[in-house]
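Across the two complexes that follow, chain A remains constant while its partner is chain B and subsequently chain C.
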Partner chain A sequence: MHFPPPSRFLGQTGKERVEGAFFFFPSATSSFLLRFPVGDLNRRIPKKKEGSQIAVVQIDYLEGRMSGQGQRLTVVPTVTMLGVMKARLVGATRGHALLKKKSDALTVQFRAILKKIVTTKESMGEIMRASSFALTEAKYVAGENIKHVVLESVKSASLRVRSRQENVAGVKLPRFEHFSDPGAGDTKADLTGLARGGQQIQACRAAHIKAIEVLVELASLQTSFLTLDEAIKTTNRRVNALENVIKPRLENTINYIRGELDELEREDFFRLKKIQGYKKREIERQLQAAKQFAEEQFAEKVSLKKGISINSAHNLLVAGAEKDEDIIF
Partner chain B sequence: MAGRAQIPTKNSALIAMIADEDTVVGFLLSGVGDVDLRRKRNYFIVDSKTTVKAIEDAFKDFTTREDIAIVLISQYIANMIRFQVDSYNNPVPAILEIPSKDHPYDPTQDSVLSRVRYLFSAESIASSRY
Partner chain C sequence: MYGFEALTFNIHGGYLEAIVRGHRSGLLTAADYNNLCQCETLDDIKMHLSATEYGPYLQNEPSPLHTTTIVEKCTLKLVDEYKHMLCQATEPLSTFLEYITYGHMIDNVVLIVTGTLHERDVQELLEKCHPLGMFDSIATLAVAQNMHELYRLVLVDTPLAPYFSECITSEDLDDMNIEIMRNTLYKAYLEDFYKFCQKPGGATAEIMSDLLAFEADRRAVNITINSIGTELTRDDRRKLYSNFGLLYPYGHEELAACEDIDQCVCHYLFQAKEICRSPSASPSVIGSYAIPWEMLMSWHS
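Now for the complex of A and B:
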């Protein structure tokens, strides 16, 4: 009879590859394990290059949520990734708060400019009326030809505007200011009205220059208004994007990673328990085998000593172990 | 922020005008008129015989010229090319609507103020977040 040495069972448990044991356990986790053998977790999911944006977004169809809320980034569910995602969420939250503050500041500026524009436009109407009245006076006094004289005498502009940028709440707003360029050809215009109506011409000129001042300021306000409008729209768009897309996505990714890590832990635990059970059964089986072996050896010894067959020796031993009351052996 | 039209810092820029004769003469008196080397003027006189196309061309010309920072346009002329004026989105040059002698200033037709009115009545773009 061939008895296997006990070492075959007891031997290399410590060195036994853990993966090899799994395929024998039909259970809920095994189907998962078959698809994701432990060592290959990194192979299935695309590797992320350092510093690049994670471009792949996974849509959670299982629960039929709205497309904006069920999405998460596709990442490798490791502890490092969890840290990275948490850092990004913190960054997104802080950015969201800052952008909201910026949007509020811009809105305050916006409303102030709006009010100023409305008042300035009204005053501009007044001033234009005054200046065209002065012009009519001048025309009346200096004669109708004044138009042609003026049109002829245009050379280079003496009244110009200068544009520069002002930084208001982080937005560069343009500002116009008028200035007089003295080098330009003023002389021809000065001779206008030399014959008659010189005073009215001067008055008209003064009125128009004042009108130009108001108009330049109005132009400043208007461009600031348009620029601020655009800036506010952009900022609000970013705030909404952070609030409704980026943050939920990051939160979903973090939850997913946590879930995966928990499941891995559970798997580990389950594996551990199974192995313990397996080992325990192995040990029991070995004890059984050893006991049987010992019994058979003893039976052999008895049979040799007493010269009976092994079977009867077995029976003797077994009977002896049973303690039959009838037999007084 | 990148992507937005940069407003150049200029040291001397002109004021262009598209208006009727009287208004233009008045402003020319004050010295905003300019004729450059190529005989291009920064003003455009509109009378009863001017076609809408000519006005459109002048408007486009003034808004694409780099040395013009402000364009003054009479309101009744702006009404003729309202579509073009309303679709103009650049901050520079700034388009300003001025009243003329025969047509007093009407704030309801101003392209900028109409946006303001929309903002005021619709509780403003700035608070459309809520």
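Now for the complex of A and C:
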């Protein structure tokens, strides 16, 4: 038999318990919901799973609104729960402030990197142009084939790039740097273009080394730019989530618990008052009954003195309606 | 018999002389270069060049032009003209024209040998060779395992054979740095060319000896300057200087001893002064010495 839910559950929470509203929940809780028929949920007190918070299991809607502002967690409205919620609110506030500071620091870094990227790109354009022209000069003096000659005589690169991690405001950014590999053959004492073009080839080599430096720096800046962008987005997401969802939810929960506790207290108070009233009425009734009895006794005594028993006369009249074996009427 | 060469000249050289004059008038002038400087894109350059002798070679190229394509096609024109002249020439002009290509042949041989040493693909290497320096058995250079085989199998049939056998023994070939080998071969080639030019005498000997002397001296100065600060020893340097030219022999001694660009410039100036004072110098020689002087000054600064 399905009893209607007690009024106190309906009074504070939404008028409608929309069954379909539970699809907002993360899928981990859906199995929990499936185990119990929905109608019983109004009365169900959620069991605490090991290590997890009760709070993530269910979310009620205040006054039937679907916005994040109106949500609160479903909890047992006890005093300990109130303490727990208050502690969590304090934690959320502190976390929010810290994340905001982190987001600001990251944004400052981001702007600085952006400025550097712009200048580096411009200088890269200049330097690449200069190095291409140095290559053309070398080709002009030492013959068109110089590119092939140099390429054929090289076994492995002598200028290499390596990467390392740098920690900036808590975010790990990659940084590239170039270094010259000493084992990969001599670079300075190369005899290419001995008879013609040697100077131009060395100048071309120097120009290209500068170009590599600029390119490596630009690569580090751009990867840091992308990584920082991701980090800023995540941090801002968290800040907004804390500010607009978690904290209002916790505040609403705290208000709800307070409200419930107040109502419990009022109920108790009311119950107490009611019982007091009963007791008082009981006492009064007894007093009244005692008084009446005393009066009747007095009246009896008086009538007996006069020779009549009112009580017995009464009794006869009353008893006459009943069956008595002694009376043979 | 001086003065009567013009009687019989046309029999052998008339056609080619006419062709050469035609080419001379087809060279790009200062106005052409100015126009090319005004161009903004590669298509503009193609348009300007289509009005010159290079037009037919660039016409059929598809629209997104690349700088290497333009260079390739222009070189192709040079090669075609050269081959045409070579076909029409008789002795000794044909040998003379072939001598011009030996320098490129040396470059190609060195390129292929280096590439083979580093295990590159033969086809790629062949594509990178200069077209003027190709000869028939060039692809077989990639097959040889060491220098001795290389010489025995391939080079002995080419006109480069005497350069190898004269200057380089087979042990040297294995150890030597590739640049030093190239320069040694080139030295031998220059000397050979010089000797060949002296044989016909007359105008050939006069003009060519000036040009070749200038080339030898220029190379000597270049080698000196470029080998300062490298591992090339003085004796090696000395071996790379050709044994003709105006700096030979005393200038070479001085140059071999140089360790600094400033010293080099001083010696060069001294030599050039001596040369200019000597009675055998012709104005063309002095003029030709002015050009490398400018180059030296730009290095120095």
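By our rule, the second predicted complex is superposed on the first by the 229 of 329 C-alpha atoms of A that agree within 3 Å, B and C clash if a C-alpha of one lies under 4 Å from a C-alpha of the other, contacts with A are read in each partner's own complex, and residues count from 1 in each chain.
Note that in this section contacts are C-beta pairs under 8 Å (C-beta built on N, C-alpha and C of every residue); 3 or more make two chains touch, one makes a residue touch a chain.
Computed from a prediction, not measured in an experiment: that's the story for all the values here.
K.L.:
Touch check for A:Q71: first (chain B), second (chain C), both, or neither?
P.N.:
After superposing on A, A:Q71 lies clear of both chain B and chain C.
K.L.:
Examine A:N252 and indicate which partner it touches, taking first as chain B and second as chain C; both and neither are also allowed.
P.N.:
neither
K.L.:
If you stack the two complexes on chain A, which partner ends up touching A:H208: first (chain B), second (chain C), both, or neither?
P.N.:
first
K.L.:
Which partner does A:A195 contact after superposing on A: first (chain B), second (chain C), both, neither?
P.N.:
It touches chain C, and chain B stays clear.
K.L.:
Looking only at contacts as defined up top, I'd like to know whether chain B or chain C touches more of chain A.
P.N.:
When the residues of chain A touched by each partner are counted, B comes out ahead.
K.L.:
So in the superposed three-chain picture, is A:G143 touching just chain B, just chain C, both, or none of them (first/second/both/neither)?
P.N.:
A:G143 sits against chain C, while chain B stays out of touch.
K.L.:
Using the superposition on chain A described above, determine whether A:E152 touches chain B (first), chain C (second), both, or neither.
P.N.:
Only chain C is touched by A:E152; chain B is not.
K.L.:
For chain A, which residues lie in the overlap of the chain B contacts and the chain C contacts?
P.N.:
The overlap between the chain B and chain C interfaces on chain A comprises residues 155, 189, 192.
K.L.:
Hey, which residues of chain B end up touching chain A in the complex?
P.N.:
1, 4, 7-15, 21-23, 25-36, 41-42, 69-70, 72, 89, 91-92, 94-96, 98-101, 104-105, 107, 110, 112-113, 115-116, 119, 124-129
K.L.:
Could you list, by residue number, the parts of chain A that touch chain C in their complex?
P.N.:
Within the complex, chain A touches chain C at residues 143-145, 148-149, 152-153, 155, 188-196, 198-199.
K.L.:
Which residues of chain C touch chain A once you look at their complex with the stated criterion?
P.N.:
Where chain C meets chain A, its residues are 71, 75, 107, 110-111, 114-115, 118, 120, 125, 128-130, 177-180, 182-183, 186, 218-219, 222-223, 225-227, 229-232, 240, 299.
K.L.:
In the complex formed with chain B, which residues of chain A make contact?
P.N.:
Checking each residue of chain A against chain B gives 103, 106-107, 110-111, 114, 117-118, 121, 124-125, 128-129, 131-132, 134-136, 139, 146-147, 150-151, 154-165, 172, 174, 176, 179-181, 184, 186, 189, 192, 201, 204-205, 208-209, 211-212, 215-216, 218-220, 222-223, 225-227, 229-234, 236, 239-240.
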